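Heads up, there are several structures right after this.
Next, two complexes with chain A in common: one pairs it with chain B, the other with chain C.
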Partner chain A sequence: MKLSKLAIAAAMAATLSAPIHAAEQFFPVLVYRTGAYAPNGSQWANGYVDYLKLVNAKGGINGVKIAYEECEFGYATDRGVECYERLKNKHGGATVFQPLSTGVTFALTDKAPIDKIPLITAGYGRSESQNGAVFTWNFPLLGTYWVAADVLVQHVAKKEGGFDKLKGKKIALVYHDSPYGKEPIALLEERAKMHGFQLMLLPVAHPGVEQKATWLQIRQQRPDYVFLWGWGVMNSTALKEAQATGYPREKMYGVWWAGAEPDVKDVGEGAKGYNALALQHGAEPNAKVVKDILTLVYDKGQGTGPREEVGNVLYMRGLISAMLGVEGVRRAQERFGKGKVMTGEQVRWGLENLDLDQKKLDALGFAGVMRPVRTSCLDHMGSSWVRIHTWNGTKWEFTSDWYQADEKVIRPMVMLASAKYAEEKKITPRTPEQCKE
Partner chain B sequence: MIYRENGQFKTSYAADQQIFPIRQDRIAILALLIFAGVGVPLFADEYLFRAILIPFLILSLAALGVNLLVGYCGQITLGAGAFMAVGAYAAYNFLIRVDGMPMLIAVLLGGVVAALVGIVFGVPSLRVRGLYLAVATLAAQFFWDWAFLRIRWFTNYSSSGSVSVAELDFFGWRIETPVEKYLLCLGLLILFALVAKNLTRGAIGRQWMAIRDMDVAAEVIGIRPMYAKLSAFAVSSFYLGVAGALWGFVHLGSWEPAAFSIDRSFQLLFMVIIGGLGSIMGSFFGAAFIVVLPIFLNQFLPWLGGLVGVTISTAAVSHAEFMIFGALIIFFLIVEPHGLARLWSTGKEKLRLWPFPH
Partner chain C sequence: MAFFIETLIGGLMAGMLYSLVALGFVLIFKASGVFNFAQGALVLFAALAMARFAEWLPAWFGIESLALANVLAFLITIAIMFVAALLIERLVLRYLVNQEGATLLMATLGIAYFLEGFGQTVFGSDIYKIDVGMPKDPVLILENVFEGGILINKEDFIAAVIAATLVTLLTLFFQKTATGRALRAVADDHQAAQSIGIPLNRIWVIVWCVAGVVALVAGIIWGSKLGVQFSLATVALRALPVVILGGLTSVPGAIIGGLIIGVGEKLSEVYLGPSIGGGIEIWFAYVLALVFLLFRPQGLFGEKIIDRV
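Now for the complex of A and B:
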């Protein structure tokens, strides 16, 4: 009796969970709401999912509703790959993957061309994947770590009064000892050669709570600037150690993953004066899109995370990442048929021909949040504008003008590294004619 | 009633000494192998291959290696992840630095290099034992973690420290589809499991077990501890090295040292303890328990929640997964401290008497 009841219930559940939604665009969501990086990862995830909810509340992408499913991987590469395999064929096939982990990005870069699913890595991933002729399926939109490092050097040079003043200066890079943290080294070494500053490399092991030795070295060597390439708990630990060693926070510059509320909140006053890059946006509680989300999603009780975190730095990062994916679909629909569900291949075309001008951004509610993005076959990044914001003890404030990464430095490095990759993987780069297809 | 060996008479030594003396076992194993080799490729989908079966096969091989050392020779090791890493990076370097190197040869050479490294790091076992040895092998873990992060030659000067393998070419056979990858791993696992089983039944395995049970007594009856211990380290590391190379080449495709961190070493040790120390079968049970169960729980819990109309958040599922997994480990260790393999053999004993237990 009991067994038959269970069987009936199971059968009913099976029929209920079967995809009834025939024409929905499926967005898989790889998240880490647990583990050492959860405080940062969950805000990004909330922003990402909230934006998808907002698009649905506004009627979908030209009428096509979005389906989404989360998969938790705890920032572990092998579980991330498992999540990818689990989600890629669900609900009629995944539209785009955004893993928010450089390690997972590296693993998926090989799989994406086979499965024909584009990979957006807004503000992370492989720096050389900017070259879309080789990395057909990777989209490091808005910026790579080479852009970040380049802008930091530019900013420091400006503070010193010119690139020639950097000679003999000492810059320390405190980095997460993983592909993520190592990415900027190549560019910083190049810049160090150009301007004659000395680069100190100080790796910090995962998860980054043990930094005593690192900061002892900083106390001894007294570098002029410290660049912080941390993630999660490593950032707040670094700030606490800086406070303990007495290293001036004003001379510390974090990458855009080391410049959000969870990194500085615990340190509070101690982090005052600490600077970090802003991937175009900062904390944007007054943006129109945020107000839309509050009225259309949160007021209806459908918010994913706590209401007070809406508009935080990493929340906005997730929001923008989702928006870029959705706009890729919208662009693809313009060519392949409005109101239809796009395949991964079609979305890839959409992302490669993305053209978000100021008018479109304003209409989406992103006025003042970010600058126009325009991608092409050779440039899968679309924009390399960055500014810097500073923690004033209670909130992040913009303290610099817009910077743009120096193409003359980055382009040759991108071409060289992507050519090496193409040779290793026996990929023939696409010709300009093939790009037009 | 069905499972009993009455009436199966052995008339030769060979028949008496075979791996599965009971005919039903032989039939069952043969059926299982045919099922794994033919049946599974027919019905399994890509997700099952890539996310569950391939990791399970490769980690079974690794667990087998750890079991030879820990379970059969009694040398506790916490450096299993390091030997996997050595195998993976050695195979990678053979592949990219030697022109036209076939993938499988590179994998096996990775195993050989891991074996040599294993012998070197096995030397402390001649002096220290038990938990102290575990600490000594921890040095291997930290040393190789450091080496693959810092010595850039090993990663072919890749800027991010992550390496990747282009294509798996085996004498013209390009291994691309999940089914081919699965069959490759399955073939290697069957081969190595057979070798391991025979090693443990032969002279060398008996020496290992003698050392495990009491090394002074073993030495008195003429077993050379140095030879026995170092050979156990070599064979175990070879298995781990091959498993590591497969993990990098076949499963991940591109990897960084974090793939073989201390967590991996612990994971492998737990597999062996939960599966059953000193049992080939136990390695498979342990690997299945540790690899498949968390993924199963992760998907089963939301489904279960949906059944009663509750939506469980991703974070809650993940937390629950950890709790249930931990509770199950404790449960099995209390119910059967000798591991899942012992449960299996108890079950077989019971089955022999069924349905008339005395």
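Now for the complex of A and C:
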């Protein structure tokens, strides 16, 4: 009998946490393999854990093996914080947390500086945390929601023939009514003021399965574009409602968390033409790193999830997130001692001095998957390259060139919001001189 | 005007589905006095079984016909739901005869958690498809009366018709059959029903079987619309304000309550939502139900209970 994914996960529960030995670098893994968001969360978690296994299979980080332990939180903020508290001091102390939840990120942003553990939030979290002068422990690597929203506006402007053509247009934001879904609103309002388009805000309550009224409003208002900021079942429900109300899927653009296989495979042909942002990568079954995982992890019977999902969009997102954490440790070792276990503070230094050029990425097996990332003490994002991919009824295909967020728009917003945060929390921002220490 | 009518129709069709699930609550409450918190979990469990067997059977036995695979999966799922009903009676309810309502409620909460976890462990936690051939594209009617016509979602319409048929059948079953009357007798008083020879345990198995069938039909309809995944368990709980409004003991109450809640939440989201931030339909349904309770504490059609002191 073919065992389901969860059954396999349950059967392997004993192996979910690698045996802990002395001198191992501990990676806590916050996951949601159950609940409303499990179809998306489990693929990310499988990619994350598989990459850690791959690093161990290749001998560790300069010989330092990785230990990891999963904690299931069901995408609930309170349980996520509970997992953080449970794991932060285990096995000699956590290296880095990656909660895959903007709500949990908001909650942990105050805790990370006290516990001195970095937070990597690749493609999610607080947009203003790009400013490393204030958010010293947050690393929204590769992109924030302001980047995503900015690129979407750039893309539709390009389609219309220029930003001036956006005047009088109507753009609807259908968003998950949570900190995650609300993040792009500030940027879109700013862009709406700049270009004269009308922004319709349509919140959808958790988990997002009831959208009839939302799409009736879209049918009535007929926006020129719909931006979808959903997660989990909300995305496929939105596409089904769009089909049921006759809204063209070609006019729909999802954020990178609304552009993976679980979002469209159940809708199939009904989602044909739907577009979503790709946080650099898409589905990458042919990447070298994926082939390495299949050979060194799955062929040895140590794969975390189903083999057929290896290389899927969210699997790759988890894998890249793990790689960024591992490379932070590797970079820290260059300064603090190769072959040693790094503390949270040392890893933070590594993360804000990341310099993953194309040569390094290619060597790691990420050729064609992502572009270089270079962080600094003041810039904790590292890069903002984004592409659009489109569902053709059976698979995702890239349909745009590379975009980057417009720093002239985003930078002032980041500085303003982070200054406000610093004032609220009585934080003295780091100066460039302090960064050299 | 056309938009208002569209919203109204959308609300009525959603309401019919709420009625169907609410009926699952009412059935069990009428028959056993148990507020069955596990109805949502039953919907999820049934839909998961249906979706996975429809997928597994063709792979195991080389069945090529989608219709045949669906029929076989449906029959297997019915059998599974009957076994589940039997086990619930044997392992949980049998030991709780004549216990406080709160005790029985807590027992159903336990059943809910067990079914959710067990269902996902056996059948998986991914999104699964139930393809029973429901049309997905909309149809426009009255185009010559209203500009742009009135949009009807064919899938919702068919779902509402199926739900209405099942609701009618269950109403007839309750009112016109001997078993139905026995169910109502048990609901009134366990001991009195037993004293006149009504087999309590068998009645409970029957009512949980019926609730299982209702859950399966609701699971197929919603699973076909939304995909089969964990959220189905929470969708089914959308019927809670319906039973609050309609009264826990009334089949017509579940029907009318479902329609009022369906229409109320859609109209509130569309017309009130934009002025107070949107995303209000879920909690607005409860507000609506609570307002009704201020005037009729027993619900629209619930029995008014008078205890002599």
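By definition in this document, the second predicted complex is superposed on the first by the 417 of 437 C-alpha atoms of A that agree within 3 Å, B and C clash if a C-alpha of one lies under 4 Å from a C-alpha of the other, contacts with A are read in each partner's own complex, and residues count from 1 in each chain.
Throughout what follows, a contact is a pair of C-beta atoms (placed from the backbone, for glycine too) under 8 Å apart; a residue touches a chain by one contact, two chains touch by 3 or more.
Quick caveat: nothing in here was measured; it's all calculated off a predicted structure.
In the superposed model, A:Ala260 makes contact with neither chain B nor chain C. After overlaying the two complexes on the shared chain, residue contacts for A:Leu216 are found with chain C alone; chain B is out of touch.
In the superposed pair of complexes, A:Leu54 makes contact with neither chain B nor chain C.
Contact with both chain B and chain C is seen for A:Pro203 once the two complexes are overlaid on the shared chain.
Shared-chain residue A:Ser236: touches chain C; no touch with chain B.
Once the two complexes are laid over each other on the shared chain, residue contacts for A:Lys425 go to chain B alone; chain C is not touched.
By the touch criterion defined above, A:Ala122 lies against neither chain B nor chain C after alignment on the C-alpha atoms of chain A. By the touch criterion defined above, A:Val226 lies against neither chain B nor chain C after alignment on the C-alpha atoms of chain A. In the superposed pair of complexes, A:Val174 makes contact with neither chain B nor chain C. Common to the chain B-facing and chain C-facing surfaces of chain A are residues 10, 33-34, 38, 42, 177, 203.
Listing the residues of chain C that touch chain A in their complex gives 3, 6-7, 10, 14, 52, 56, 59, 117, 120-129, 136-138, 151, 153, 155-156, 225-227, 229-231, 234-235, 238, 265-266, 269-270, 273-274, 277-279, 281-282. Listed in rising order, the residues of chain B touching chain A in the complex are 46-47, 50-51, 55, 96, 149, 159-162, 164, 166-167, 251-256, 258-259, 261, 295, 298-299, 303, 306-307, 313-315, 317-319, 322.
Residues 9-10, 13, 16-17, 31, 33-34, 38, 42, 70-72, 74, 77-78, 81-82, 85-86, 89, 102-103, 106-107, 109-111, 126, 177-179, 182-183, 185-186, 203, 206, 417, 424-426 of chain A are the ones that touch chain B when the two sit in their complex.
In the complex of the two chains, the chain A residues touching chain C come out as 2, 4-7, 10, 33-36, 38-39, 42, 177, 201-205, 207-210, 212-214, 216-217, 219-220, 232-233, 236-237, 240, 243-246, 262, 265-266, 270.
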